[in-house]
Amino acid sequence: MPFPAPLTGVVPPVCTPLTPEREVDVDSLVRLVDHLVDAGVHGLFVLGSSSEAAYLTDRQRRLVVETVAGHLGGRLPVLAGAIDMTTPRVLDHVAAVTAAGADAVVVTAPFYARPHPAETARHFRRVAERSPVPVLAYDIPACVHTKLGADLVLGLAADGVLAGLKDSSGDQAGFRAVVTGARTRPDITGFSVLTGSELLVDTSLAMGADGAVPGLSNVDPAAYVRLYDLCRAGDRDRARAEQERLCALFGMVRAGEAGGRMSGGSSAIGAFKAALHLRGVIDCPVTAEPQTPLSADETELVGKYLAAAGLL
Amino acid sequence: MPFPAPLTGVVPPVCTPLTPEREVDVDSLVRLVDHLVDAGVHGLFVLGSSSEAAYLTDRQRRLVVETVAGHLGGRLPVLAGAIDMTTPRVLDHVAAVTAAGADAVVVTAPFYARPHPAETARHFRRVAERSPVPVLAYDIPACVHTKLGADLVLGLAADGVLAGLKDSSGDQAGFRAVVTGARTRPDITGFSVLTGSELLVDTSLAMGADGAVPGLSNVDPAAYVRLYDLCRAGDRDRARAEQERLCALFGMVRAGEAGGRMSGGSSAIGAFKAALHLRGVIDCPVTAEPQTPLSADETELVGKYLAAAGLL
Amino acid sequence: MPFPAPLTGVVPPVCTPLTPEREVDVDSLVRLVDHLVDAGVHGLFVLGSSSEAAYLTDRQRRLVVETVAGHLGGRLPVLAGAIDMTTPRVLDHVAAVTAAGADAVVVTAPFYARPHPAETARHFRRVAERSPVPVLAYDIPACVHTKLGADLVLGLAADGVLAGLKDSSGDQAGFRAVVTGARTRPDITGFSVLTGSELLVDTSLAMGADGAVPGLSNVDPAAYVRLYDLCRAGDRDRARAEQERLCALFGMVRAGEAGGRMSGGSSAIGAFKAALHLRGVIDCPVTAEPQTPLSADETELVGKYLAAAGLL
Amino acid sequence: MPFPAPLTGVVPPVCTPLTPEREVDVDSLVRLVDHLVDAGVHGLFVLGSSSEAAYLTDRQRRLVVETVAGHLGGRLPVLAGAIDMTTPRVLDHVAAVTAAGADAVVVTAPFYARPHPAETARHFRRVAERSPVPVLAYDIPACVHTKLGADLVLGLAADGVLAGLKDSSGDQAGFRAVVTGARTRPDITGFSVLTGSELLVDTSLAMGADGAVPGLSNVDPAAYVRLYDLCRAGDRDRARAEQERLCALFGMVRAGEAGGRMSGGSSAIGAFKAALHLRGVIDCPVTAEPQTPLSADETELVGKYLAAAGLL
């Protein structure tokens, strides 16, 4: 579908179900998409960090976009990550995901390379010049090790280079500067500011953000849609209660951390997939190599979080 | 050629000459290979950081390996980087570069993903299981944001997973632990320990390292071969003098930093390429997008370093 | 005055006016205290980061506490930083500032030393055992290079070790975990959760925080008191407008950054002091050694921010 | 004694023995000094990181300097750390330690505050202007979180601000730049370049360094003196063997790390003190608060390292 300007609402970063052999499980992926669409989400983001994009081969990435875009058939906008190290490699992904049906692409700062901010800006300009669809910036310093400054983002927004920002930086003060700038600067229109935080959706929307891209919305999409609607309606007390319920549920992401055998990222993705498996949405909770899988005990702990939230 | 165990000597990380349109300049690449081979180097490392591997598309990477391996025709071992974020993507590169003629692959820890050390070890094991050629670890925390511990490297060496280490960490104490372990542990044989530092080749070899992979050896390969030979001969005073001459020459990597428009990496690669252009080895000094190019003044400064070293 | 449990409201981290010779300017300090008290603030925090505590000698620190506590005469609670590297040194400061009249002490994790979390917990326990007044934790990873985890803080709160938290970490998700835990855990009572952010007071209070310690409240204390009252009254739209006005004013902290001659901290403190000087509250805007002072142009820029906010 | 220019040789950073009540154990400190002097060391550095300076109160710091300087009576130069956050506080320590008998002071970049390099330079200039004795820079980014650049150090050396550098940065390439600059620049004379690394003394001296300040020389000072003499004599093979023996012994610093209860620093200091206690030099191995002490098993492991090195 034509990409809305600005994009608003809940846009889950869709997990990528895998088979035990670690191929894309197309049937489970379709079921996951239905699970999200039925809950009322406003768009889908594939090939992001929660999608294990960093772990998927080019062939697998293409299959994911084709599957999701094909199944949706234009009912919702599909954003696709084009996650790679530098401009030339990102451009190859942009070509591939748009050929496969993506309505917009989501692009980080260069990584591995350690860019100067002027080079990061140049990167987004070059990508946008060659992209057939709108480009959103993905601010995720934990992965790429540079932070997108508010001035850089707003400047690129004003120049029509960027159509939006997905902020997974954890820096709410910087996020607010973008939100306020996008809302008040006369030279910026139709720019979508989305938080990637599971835990700060209510306060982000209260600042004026357009929407959210929370990994946990894979597990409980209906709750994030409710939360979004409560915020839009100005019912901030019930919004806070819903947000706090989701904060408690989010505790599942640490299920695998106590064992000292995996990273926080592996634990979080493992927990989301275990939850989707326990809820019957996907067939297999396996994560991509070389991530350590959750143990049986750790999976049981995820189940307890689901039960406490009334989801099991 | 069969990969020697251990690999020793000077193994330049070969720059990737580009055309003004930023395609691989095959003719210049062949001339650069001849320039290095004629100087007496002991192997070539393509698709490393100095090769701008992070900036090359898959197609360009393949062309580089085919060109270099084809031109060498087995005269020297060709190591090829398989630089990507995680195991599945690295395995695709391993398949591609070995099909194109690489004699060994060089692999970093996972990045973008932030792996636990147990996951990094699992990564190297999975890659080695599937690689048809020996695997060397590439320790480059400035790019991948984790450090390979000496115990991890030595354990993987003892298990036959790794055939060597290219250490670009700057941590000489950790490097020494690997060098000493590789030399003294009875369960480790044929393991090659190579420093990636331009500035510490003499002291690294004095510790017992097997060789060096210095980016600056693109510019002055004969000097690094001389330095290696002096070290092997135990002539440490002349070795130090040669090393200090190269330290002075290395100052060129900061040519572009003063302007505040580019990263240190862009400045260094830009300087190497400018020097190769000024010395008549390659046709065009351009670097890949989105790196800021050196200005005319900055290029002139590179020329002064060359002149001071008697290279122009 | 007896320290309230929990402490609520606006608690400015009081700047330390200096003479041109860089001695504590007692007269200006008293005027600054009056300026804050007259605006209706709820407590004062001396010897924090905004107070340049890191730059003050022990003699100067004592004079600051004596001056402020003496002038207040118990009208408001006085919190005093006991900023030093480790437990024994912090305990000396605790003794000094409580002898000088502080009603509570504010203590960071150990720094210079790089503590394990178990050692940080032990640090707070040892300090609390020996402190005659309540102890608040000061989470400021930008200065001390470790982050206080929510579980650690809440555990120490439940054990009665800590009476509150001043959070200058910028991590609103972690802050929320402490706020929610302090509000809902039955084993925690009277624990005060304060944000150190100038820019997120409205959203922090909306989460359930007790108050704020914003450096910018030195410059415009009345606005922060208004903001606090609007939040308490549930008038979130007017609160947001007031907050956004303060966000714009806060731009002054970058007045000195463009010149490339000073740190962000020096620019921020320099701007606050320049603003207090321009508003006629303090006699001299000088900052402590070795901070680079603002230039005349940079000071003029601060004046423009004040004028735009209607403060000049 | 008059501070030699340049200072050369082995200069142990003297541990600070404590009583079980964590007061300075003066008798043990005197025995430790004798143990070092008898081994032939060339100077003593008190109140450095290995001395737990960050954990000592001002009163304790003074007692340490008085004890060591008084006991030495001018037989060897005494360097004293003046470790604190900023210029005014450092100047108070400079006054105290020189009054107590120090022949030179050792000063880090500002910390807690996050200085701009121009402010760090200003800091050293202000300290040197007011110090009655020579000032050495202490480059220890692991503790102070900024790195002293080679150009900054050499510039201050040329201006007579700094009399030397203790480099605990681990950055041998940067260290080499200072070593080479100090040796070759005509505007620098009498500048002492000392490595703080236990593991790289042979290669540092081979580069042209003047000496070493290794924490492990508390435990085995005679070996470091032997190593220094072998290096000076040009007997590099025996030097390497001695260095590698010390590298193996240095493994003791990790004795406490496996338990997950203490920092690397606490483990290292705990191991040095346990070794000195086991060797009969000091009465009590206790470390300062809030460091976790070594367990009995961990202490036994330290003993095994000593036994393997023939020291027990």
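Note that the chains take the letters A, B, C and D in the order they are written out, and that residue 1 is the start of every chain.
By definition in this document, contacts are C-beta pairs under 8 Å (C-beta built on N, C-alpha and C of every residue); 3 or more make two chains touch, one makes a residue touch a chain.
Remember, predicted model here, so these are calculated numbers, not experimental data.
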- Suppose you hop from subunit A to any chain it touches, then on again the same way; how many hops at least until you reach subunit D? 2
- Message: On C-alpha atoms alone, could you tell me the rotation angle mapping subunit B onto subunit D? Nearest 5 degrees is fine.
- Response: 180
- Have a look at where subunit A meets subunit C and say same if over half of the interface residue numbers show up on both copies, different if under half do. same
- Message: Can you work out the whole-Å distance between the CA centroids of subunit C and subunit D?
- Response: 35
- Task: Would you kindly tell me how far, in whole Å, the mean C-alpha position of subunit C lies from that of subunit B?
- Result: 49
- Note on the structure: In subunit D, the residues touching two or more other chains are none
- Message: Taking the top-of-page definition of touch, could you list the pairs of chains it picks out?
- Response: A-B, A-C, B-D, C-D
- Note on the structure: Seen from subunit B, its contact residues with subunit A in the complex are 22, 54-58, 60, 83, 85-89, 92, 110-116, 118-120, 122-123, 126, 142-145, 260-266, 288-292
- Would you mind writing out the residues of subunit B in touch with subunit D in their complex? 170-173, 176-177, 180, 197, 199-200, 202-203, 206-208, 236, 240, 244, 247
